Amino acid sequence: MIYDKSSGKIVDIIKNYARKHSLWIVAYGTGCGAIELPPTMTSRYDAERFGIRGSATPRQADVLLITGYLAVKTLKRVIRTYEQMQDPKYVIGFGSCTINGGMYWDSYNTVKALDRYLPVDVYINGCMPRPEAVISGFIELQKLIEAGKANGAKKYKENLDWYRENQRKVIKNWKMPDYNW
Amino acid sequence: MREKETTLYLGPQHPGVTGNMMVKLKVAGDTVVKAETHVGYLHRAFEKLMEQRTWMQSFPIVCRICVPEPDPNEENLARAIEEIEGREVPERAKYIRVMILELSRLAAYMLWMGGQAGTAGLYTVPQWSVGDRDYIIDLFEELTGGRIYHMYIWAGGVRRDLPEGFADKVLRTMDYLESRLPEYDKLFFENAIFQKRAKGVGIIDKDKALEWGVVGPPLRGCGIKHDVRIDEPYEVYDKLDFVVPTHEGGDVWSRAMVRRQEMEQSISIIRQVIDKMPAGEYYNKVPNPLNWYVPEGDAYVKTESARGEFGYYAVSDGGLKPRRVHVRGPAYVHGVSLLEKILVGANISDVAFIMNSLGVCPPEIER
Amino acid sequence: MKTQNINIEKEIATEIQNTFHTAEVNIKRNKRIEVKLRNDLIPPFLSYAKNYLTFNHLAHFSCVDWIEQNEFELVYIIYSYEKGVIVLAKTRIDREKAEFVTTRHLWYQAETYERELHEMFGINFKGNDRLNEFILEDWEGIPPYRRDFDTVKYATDNFYTRPGREDAKDVRENVTKINKEEIPEFAKEYSVRSLK
Amino acid sequence: MNINWLSVLGIITTPIIAFIVGVTYGGLTRRITARIQNRYGPPSSQNLLDIIKLYSKETSIQHGVMQHLGPVFAITASITTLYFIPVIKNSVVFTNLSFNGDLIFLLYIMVFGSLGMALGAGQTGNPNAAIGVSRGLSQMVGYEIPFVLSLVAIMTQFHTTSLTDLLAVQKHFADWIIFQSPLAFIAGILAFLGMMGYAPFDVVIAPAEIASGPPSEFGGKYLALMMTSRSIFTFAKLVLFTDIFLGGASDFITLIIKTFLLYMIPVLTGIVFPRFRTEQSICFFWKWPLVFGVLAILVVVL
């Protein structure tokens, strides 16, 4: 590397600043929380002020917003979507049902604790969380990014076996490509 | 010459689909040859969960069946219980229920307008209409305490009375929304390119519409005047003065026009309701919710939601908990069998556009 | 319920009774007629109702599990836009060997309802060739909407439940009782954060 | 060897200026759009931050050589296009490489970037990208024809194929080609709307239909390169149209004012119109812009 230590630090600061102020959400409304995203993104709450905007495909996105309960069928797609995203990537769990199952605690088709299957960086609680809560969750994520603590993707890579074991326990027919990046 | 067919997956992760579902398309060139809908990504087994909970505990569950418009669900479950029990509802509660239902219809239409314009690529309309929808959401919040899920309509009435000065606020909001409608007309409904795209697209055959189980605005967009509010008036709809707009053509454009005109009707209904609302109790005395046995029997009740007939078939075995509550969402037919039929022959640019005009809402398909 | 004008309902009920002698017809209230039929009479009844009595809208098709009698009750809810009346056509089938015939040829959308009931109750509709996976994915075991399927047990067996939900009566108190076993160190973050 | 150091300076600084101006225009556009949409909007530096973030992302997807080369082609084409356009009138530094016949050369080189992108997107194997590419190419056929007609009309009228000569013709306000040849301007500006890819002609990226089209498999650095190229290319096109129709600019302030006003035409159109279908878009270009282009030539010839 041609940088010395101090210039490397400056580059890091610029990088983190840009990452913090440009969070692209992958457009995947996985649950009923997706209904509070239009108000968050549009004229009343205007999340674009913070550099938050949607992106059409997972390849371009930074943030995977799990908007609510995950049915087993969706979990498989969500894992695939998450693995297609490029580092650095973050996961936000949105709503009580991602934390402990919420009101679907006894449903046979929804997973109860999201962080067993995907590395969650920030949880937003509530059913449903208000747009203000969503924005505050994003600001929390921005703080973590600035401090360099939003390292869910790293955690996922290091403990892939544990996550895979949990995922395979729920998803019966596992036909997925390897995660090797 | 036969063009090469490719398979295109629209969803579940796709910005165009409404909610979380997938349409598997076989495409030749730009034309859809075969469409197959795949649902189940939002299945939470509500009907099973209701069998585990008491009748009153089911209210927080049913409103989550349809996210853009939860109130018809509460209304249906409440009316189902009332019909099985033969319970009467005070007059004031009926008026309040109609007001809530119409407000939620209006909110759902605002959201639909955003979605329809968004799939057409006009991103200014969603910004405006979803912002305006928030005025209605604020009313809900003041009345019920929740922005999206209200759990407001209960068997035997409604949960609380209107707060002081609420009626004035509703009227003011209605005035504001009415003043906004001409701007939406200018920007969206009278837009030459929108008309060009919407006319003649996604046509539902008028002769087949009834047999295919088409309901709501898509049915009225075929020129068939059927609406649960006039066919089988519930609550106080028979005492109110409103027309049910219809439009010939059966395409995306006529569905849009039907909804546009219904927005005006909803505003007028809300004004009438506030004008005519009697004083009195807002609920009848009900048993202890934890010890509420509903007598044996069954009932099919239906409500006109923003997407069409919303039906509940509820069966009680005389116990604390429902024996079975089976939900018939309007999107159940629109989103699966109808969509598969009318997408054939459509241009791939129009797939999301047509889906939006039918008001497909996946959570009520799989529940 | 108040006494209401039920002339048209009486007419329809008499007509049905005259055509299907074994049917048990009763008027539940205005605009609701209940018809109980032997299960082999359901297809002729539905096609008769659709073609002669103008009941051309299949509003709903449901199934109720009467496990005590070891029977499924199938309920066709059909509506006539002309007459404004709903008929609930009910029949019972055996629960162990759950089989019925399709009505897809009468109403195209019946296919969707049949797919759901096949998946959720395990009823086999003869003549419907599209009874494939609909809502669930890779489901094994008994169909979930049958009453002998225990969803609470399935959920606790198959999914990790975060501690604090064992007793839903006082969640606040229970949330503080964190179960520390079997959670690896890096995954503890959210289990422990709630304590602070 | 006699090296003109001022020209070298121009060659080094032009892409940088183009990038900065293009990115800022992008950010300003988002802000202006936001204001029309009743909201506050992101800061003007938002596009720059987005690009920096995308450059700092890891890139781990490999679909083949063309995927790498696609964005590189695009950025090469943008910078090359820029080099053959005199940015500032009569300036030694910013005349760059313009030569006699550069208009014809520009017609070719402007297409090169899209073709490179098409090859790159085609390699990714994503059906949405393939559909987006085919849409892009067919729409390009649509708007290139009126554009060429408009340029041919101007070339015939002024008997030159050099941008520098065209700039020399437009000495005073009244001499601007927009006034001398309004029909050609109308054809040109309608083609320009298609070139910029804002609504109603955004069929290529159409998120609700084909999930952002050609770039749908491109993330991180690829996308950053594409956004950079897009910023530079936007500026290049704006300068080109300013040079041809609006009399060019003799200093940077005039340049900024003229290009910004020109840029607002597609942006503001995009805010109030929905998207055409692909075939409707092509039909549009082959109707009125084509008529105006042919008329412009007829007027000149007769």
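Just so it is clear, A, B, C and D label the chains in written order, and each chain counts residues from 1 on its own.
We adopt the following convention: contacts are C-beta pairs under 8 Å (C-beta built on N, C-alpha and C of every residue); 3 or more make two chains touch, one makes a residue touch a chain.
Keep in mind the model is a prediction, meaning the values are calculated, not measured.
Which chain has its C-alpha centroid farthest away from the centroid of chain C?
D
Sort out for me whether A-C or A-D is joined by the greater number of C-beta contact pairs.
A-D
Determine the centre-to-centre distance between chain A and chain C, using the mean Cα coordinates as centres, and give it in whole Å.
Their C-alpha centroids are separated by 36 Å.
State, to the nearest whole Å, the distance from the C-alpha centre of chain A to the C-alpha centre of chain B.
Computed from C-alpha means, the inter-chain centre distance equals 30 Å.
Could you give the separation in Å between the centres of chain B and chain D, each centre being the mean of its C-alpha atoms?
44
Could you check chain A for residues that touch two or more other chains and list them?
In chain A, residues 27, 42-44, 56-57, 73, 106-110 touch at least two other chains, as defined above.
Name the residues of chain C that each touch 2 or more other chains.
Residues 136-137, 144, 149, 151-152 of chain C touch two or more partner chains.
Which positions in chain D touch two or more other chains at once?
In chain D, the residues touching two or more other chains are 37-39, 207, 211-212.
Mind listing each pair of touching chains for me?
Chains touch in the following pairs: A-B, A-C, A-D, B-C, B-D.
List the residues on chain B that touch chain D in their complex, please.
Touch residues, chain B against chain D: 6-8, 14-16, 30, 117-124, 127-128, 131, 187, 191, 193-194, 196-197, 347-353.
Provide the residue numbers of chain A that touch chain D in the complex, in ascending order.
Chain A reaches chain D through residues 14-15, 17-19, 21-22, 24, 27, 42-44, 46, 48-49, 51, 53, 55-57, 59-62, 85-88, 181.
Within the complex, which stretch of chain C touches chain A?
136-138, 140, 144, 149, 151-152, 154-155, 158-162, 164-165, 168, 184, 186-187, 189-190
Per the contact definition, I'd like the list of chain B residues that touch chain C in the complex.
39-40, 43, 45, 47-49, 51-52, 83, 86, 210-213, 226, 231-232, 298, 300, 302, 309, 311, 313, 315, 323-324, 326, 328, 332-333, 336-338, 341, 366
What part of chain D is in contact with chain A in the complex they form?
Interface residues on chain D, with respect to chain A: 30, 34, 37-43, 46, 49-50, 52-53, 56-61, 207, 211-212, 215-220, 223.
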